[in-house]
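The same chain A turns up in both complexes below, where it pairs with chain B and then with chain C.
Our next item is the complex of A and B:
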């Protein structure tokens, strides 16, 4: 498929990611997204300039955030006549915003724009219970005092408990961890494998921080200068001591090999390749193609393996194999998600069952998540895509023109997004 | 603010302070604002440099009143400034001519008024008496500065013989305007140079790098220099990135998160400039600095090294890279290097041996580099701030801070903008004749001035 123009990643910026109720407890989605945009604007000297569009999103949203991205733009240093839109696809949000904007750029509908996302588990909306909501609405609609009191009299103490959002699949009633525990067992992913992957994530991320890799990708916020969930001194031995939290007493998934709830925002600056060159903007990598897929998890499919289907279709369309890639960025929702994904790629039967021509093959693990991923950095849901795209683009730029990176991100609802970047 | 400080600044506290000889300090005129009253020009000889330079600056001038009769003749009203050309004074008895123009002027000078003496450096004159006279002028400048009231200042400029009005214009304009608010009792030199005319936005379209730009004096430098039209590359350590991006976004500059002590700091600055602006650097302001104060008796190797590394060694390395004319994004010929010294370095300060070493070193460095880079028309100068009101100095205990604040001729601390304005003056293309100079921005501090 030949597109009229080439969309390139100019650069990225994110806040350091914080633990939920940590450094960013007082910050809202709006604050965090504004901070990420402002850091990007400063890095590229864009203050006062109009972007063709800013697209962002959040998974956990207050009703006041109905126009989150546009409001963040208005609070940022960008020109106020910069339009914006919100987009949401669970944890696929961040990558989906990049695809949305890159497509517009490739089609000539935009020259330059910003894509990304934000989430704050600390500032998650708290809702009232359904009986309380109904009673309050009835009282509000009542015309007389007695009928108002009557409506309110229906409220019971138990109705007053607030409903906090839970990461639960509406169709199955299972949490994401419980779903993944089933997948873990089904694919025989061992505890040792998971702990090894988690330890590697921390070690890789720590090494990247120490080398200054993030100096051009992260701007400190509210006094936090590094990802708060990063534990540089963690090890397989330490992780092995943790108790399982999903999959029952024999489970293998622990707090150490699952992503923590976290707060943060990440954005990416995208532009048309010619526009970037004409405006003294660097081009780190181009977005080659992307694909989104879903599986029938209410029917029993593995909730977080939809990206396998997306990757398979994407490779087929591009005529590429896994051997053609220099880097793999597989979002670490859980260590076992990554490991089950790798096993599924190698599994002829599974690949055929989701409509692919055959197994995708195996990869050199040295090319996987080389600067760490969500287990170490944290996973503010909609911010993860922006973090991964900016990281991968920077790594591919270092490797040189023509180097290829594959991004795979799983999302709630049995969905998955995959994308290919090529270094410039 | 502690209890003592609150008490001091309360209305009754201020009333007592005024009676006790600690009156509220005058509000200084700041910014590109000329004196209100007339500018008086006196030439104690046949020279016309002062009058010609002021004509170039578009300022009207008036004749001086001389103290040559009884009772002492006076000006009809307040005067804004007195500029005296004393370049031809060679004999001690001729100093009387200077006294005669200074006396009426000192009596009539407005608040934030200016006295500027244009003289020869002792090295430029021949003979024992002439050299003594040249040095005597410096003593007069410093003493008159201490006698002036209400924010008025005196400064002395040593002009080389071939200096033209265009080479002097940026310096005289800076000294007469509010931009030099906290520069008092200073002496520095202007050399002959092919200087372009002074301009309203002299740095338009030029790239200026400012290190330590996240806050305080560095942020003020970025703001003031951006106001002169420059495109600012604001540099600070990654941990200060939040303040840095605020600085950059407020002025439409770009932020570069960089530890200047990194081995590749110079090449990363150059690469950023080449990539983002596609041109060479007009100026770099080495403002980043740290303190690790301890009495020498308690100073270990780590405290010693870190201060010298950040405050001096880093800029030596960065300059070396940027001065390589083959490096894309390096310093342009005709460019500017500005260091930030300190009165602590020039006068010494208890508990700051490491800091004083680094800051005196900056003064030594600019003096050494200036002649070597003259061929490329690159100027190298430094400011030496005295007590400046910043977050850093706000942490000094109140009584000590109040003493530091008041022990200068202007009776107050300076503002970050005062340091920034002096740096902007060095950066002006019109300041081509100013190089190898260290200008204190200290309100004529009792120490180090």
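Our next item is the complex of A and C:
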């Protein structure tokens, strides 16, 4: 389908990602998102300018942050008459914000804007228990003192324990790691393969940092200058010594080949191609197309393989095959997610079972996550999409006009988002 | 003479030394200056301060936080044997500070303070506490805190030639009157305790009804420097990298309380006021100049 205009990635900015309860422990989502936006504003001289829209989101969100992105805009150096909206699709949030804004730009509803996301596992909201919440609401609504006291009398000591958010699927009661452990077993993903991918992620990210690749993409915050999870000296041998954390005693998933809980924020500056040229802004890559998909995980489907469906539909619509791509960015929720995704791409039966015409094929692994991904960088849920888009756009720009990149991000709820970028 | 301290001194000791009754003597202040050569800001402490005052947590330190860092040195000089002013009778009447450039959380700071410019006032004497923050040799922030020492006697009468110079220096006129309240701030009863915890100011008139009553307030009052900080937090992204801000505390705010806030830009700066809820009477007037 021909869109009226071309949405391009002008650039990106993120905070270094921190380990949960690390350098950003005192920072809120508001603080982190404001820091990421202000860093982008400084990079592109946007101080005092009005953006057509800023769209952002967070997965772990306090009720007070109902207007998180707008409030961050008001704290940032952007003009205060910049509108903003919040969007949420679990770990797909960051990429969805880019798609949302790029679509508006392509349709002529916006010329320039910022998309991205933030998450803090350190500053996660804590809720009161459901019976306590009901009792407090009833007491608040009661009109007389006796009825208010009656409502409060229903509170039991056990109701007072606070509830911290858990990364558990509401319909299966399984954590994401437990779901992925089932997928790992089903797809025969070995421990060695996972550790190899994790080691490569750390080595690639470390090399990218050392080469200065992230100088254009990351602004230090609260004393942190590099991603805190990164272990440049890790190796397959070291990773092999770790005990499994998911899948029982015989499991293959460890803390080393699973993403750690992290804090951070990432944003991307998007603009209409003509607008960018007229305003002397760079254009790294254009967003070609995007697709979102879901699988029936309560019915037994692999929770984190929905992006396979999204990628399949996207390639079919664009008339492309995996061989047409120079880069693949597959979000490393777990090493085994990436490996199961690659196996699913090659699997005729699986692809047909999700409505695709056939297997998508194999890829050259040298094109995969070439500057590392979430295993090494960390994964502040809603910030990952912005990190990947800015990274991929920069890499494609280096490779030159017409080079293609495929992004695949899995999300809770059995969902997945995929997008195609083309270098400019 | 400059006294060098290894780090910011304990506030409580200096405070209680300072509030001890002193033999009535002519007002005098020490000629000593005090400096802490190497202070590294604590991100956790800054985050708590930012949360209570409404600042976004950034790498750049709020100028009022730099004031908080000089405050223990102020108390140290006020509690010095060479200073005869009774700490319990001091009223913070105005404050002036200049941020020369954004000062970062990651920078090592030299924090210095002095006391002087003791001068007569119709209700006692005014005294200035100065603060300076350097990064290496570069002056990044400086401030002047003016206290009224109620009942203190200073040689020279109000209205003398000497005083007229000070009167000009002490007068405070916002360039334009900000309009009616644009925002409402609800100050909870425990705000004084919250700010005491993050600023280290141990004065019980902000936390205890009894202590507040002893100095003539019906309820605890919020720290003037909280109100000052809240004003800068409200304008945080509208202000440039370098500016001067002067505030006058015209009336204490009792806790809990609801107040109004108004701010208006003008060429080269802002005028702002914290007022009664209806905007009619000011608690604090602020003038910001770039």
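Going forward, the second predicted complex is superposed on the first by the 403 of 424 C-alpha atoms of A that agree within 3 Å, B and C clash if a C-alpha of one lies under 4 Å from a C-alpha of the other, contacts with A are read in each partner's own complex, and residues count from 1 in each chain.
One rule holds for everything that comes next: contacts are C-beta pairs under 8 Å (C-beta built on N, C-alpha and C of every residue); 3 or more make two chains touch, one makes a residue touch a chain.
What you see is a predicted model; the values in this text were computed from it and never measured.
Undergrad: Return fit or clash for chain B versus chain C, each positioned on chain A through the superposition.
TA: Superposition check on chain A flags a clash between chain B and chain C.
Undergrad: By residue count, which of the two partners contacts chain A more extensively, chain B or chain C?
TA: Between chain B and chain C, the winner on chain A residue contacts is B.
Undergrad: When the two structures are overlaid on chain A, which partner does A:77 contact: first (chain B), second (chain C), both, or neither?
TA: It touches chain B and chain C both.
Undergrad: Pick one for A:42: touches chain B only (first), chain C only (second), both, or neither.
TA: The answer is first: A:42 touches chain B but not chain C.
Undergrad: Tell me the contact category for A:212 with respect to chain B and chain C: first, second, both or neither.
TA: The first partner, chain B, only.
Undergrad: Now for A:180: first (chain B), second (chain C), both, or neither, which partner does it touch?
TA: The answer is neither, since A:180 touches no partner chain.
Undergrad: Going by the contact rule set out at the top, does A:221 touch chain B (first), chain C (second), both, or neither?
TA: In the superposed model, A:221 contacts both chain B and chain C.
Undergrad: Between chain B and chain C, whom does A:369 touch in the aligned arrangement: first, second, both, or neither?
TA: A:369 contacts neither chain B nor chain C.
Undergrad: Just checking: does A:31 make contact with chain B only, chain C only, both, or neither of them? Give me first, second, both or neither.
TA: It touches chain C, and chain B stays clear.
Undergrad: Given 45-53, 63-71 or 135-143, which one is the stretch of chain C whose C-alpha atoms run into chain B?
TA: That would be 135-143, the only stretch with clashing C-alpha atoms.
Undergrad: Which residues of chain A are in contact with chain B in one complex and with chain C in the other?
TA: Common interface on chain A, chain B vs chain C: 35, 38, 77, 220-222.
Undergrad: Hey, which residues of chain A end up touching chain B in the complex?
TA: 35, 38-39, 41-45, 47-48, 77, 212, 214-216, 218-222, 225, 280-282
Undergrad: Over in the complex, which chain B residues touch chain A? Could you list them?
TA: That would be residues 231, 234, 238-242, 244-246, 248-255, 257-259, 262, 275-278 of chain B.
Undergrad: Using the touch definition from the top, list the residues of chain C that touch chain A in their complex.
TA: For this pair, the touching residues of chain C are 43-44, 46-48, 50, 56-59, 105-106, 236-238.
Undergrad: Where on chain A does chain C make contact in their complex?
TA: 23, 25-28, 30-31, 34-35, 38, 74-77, 80, 220-223
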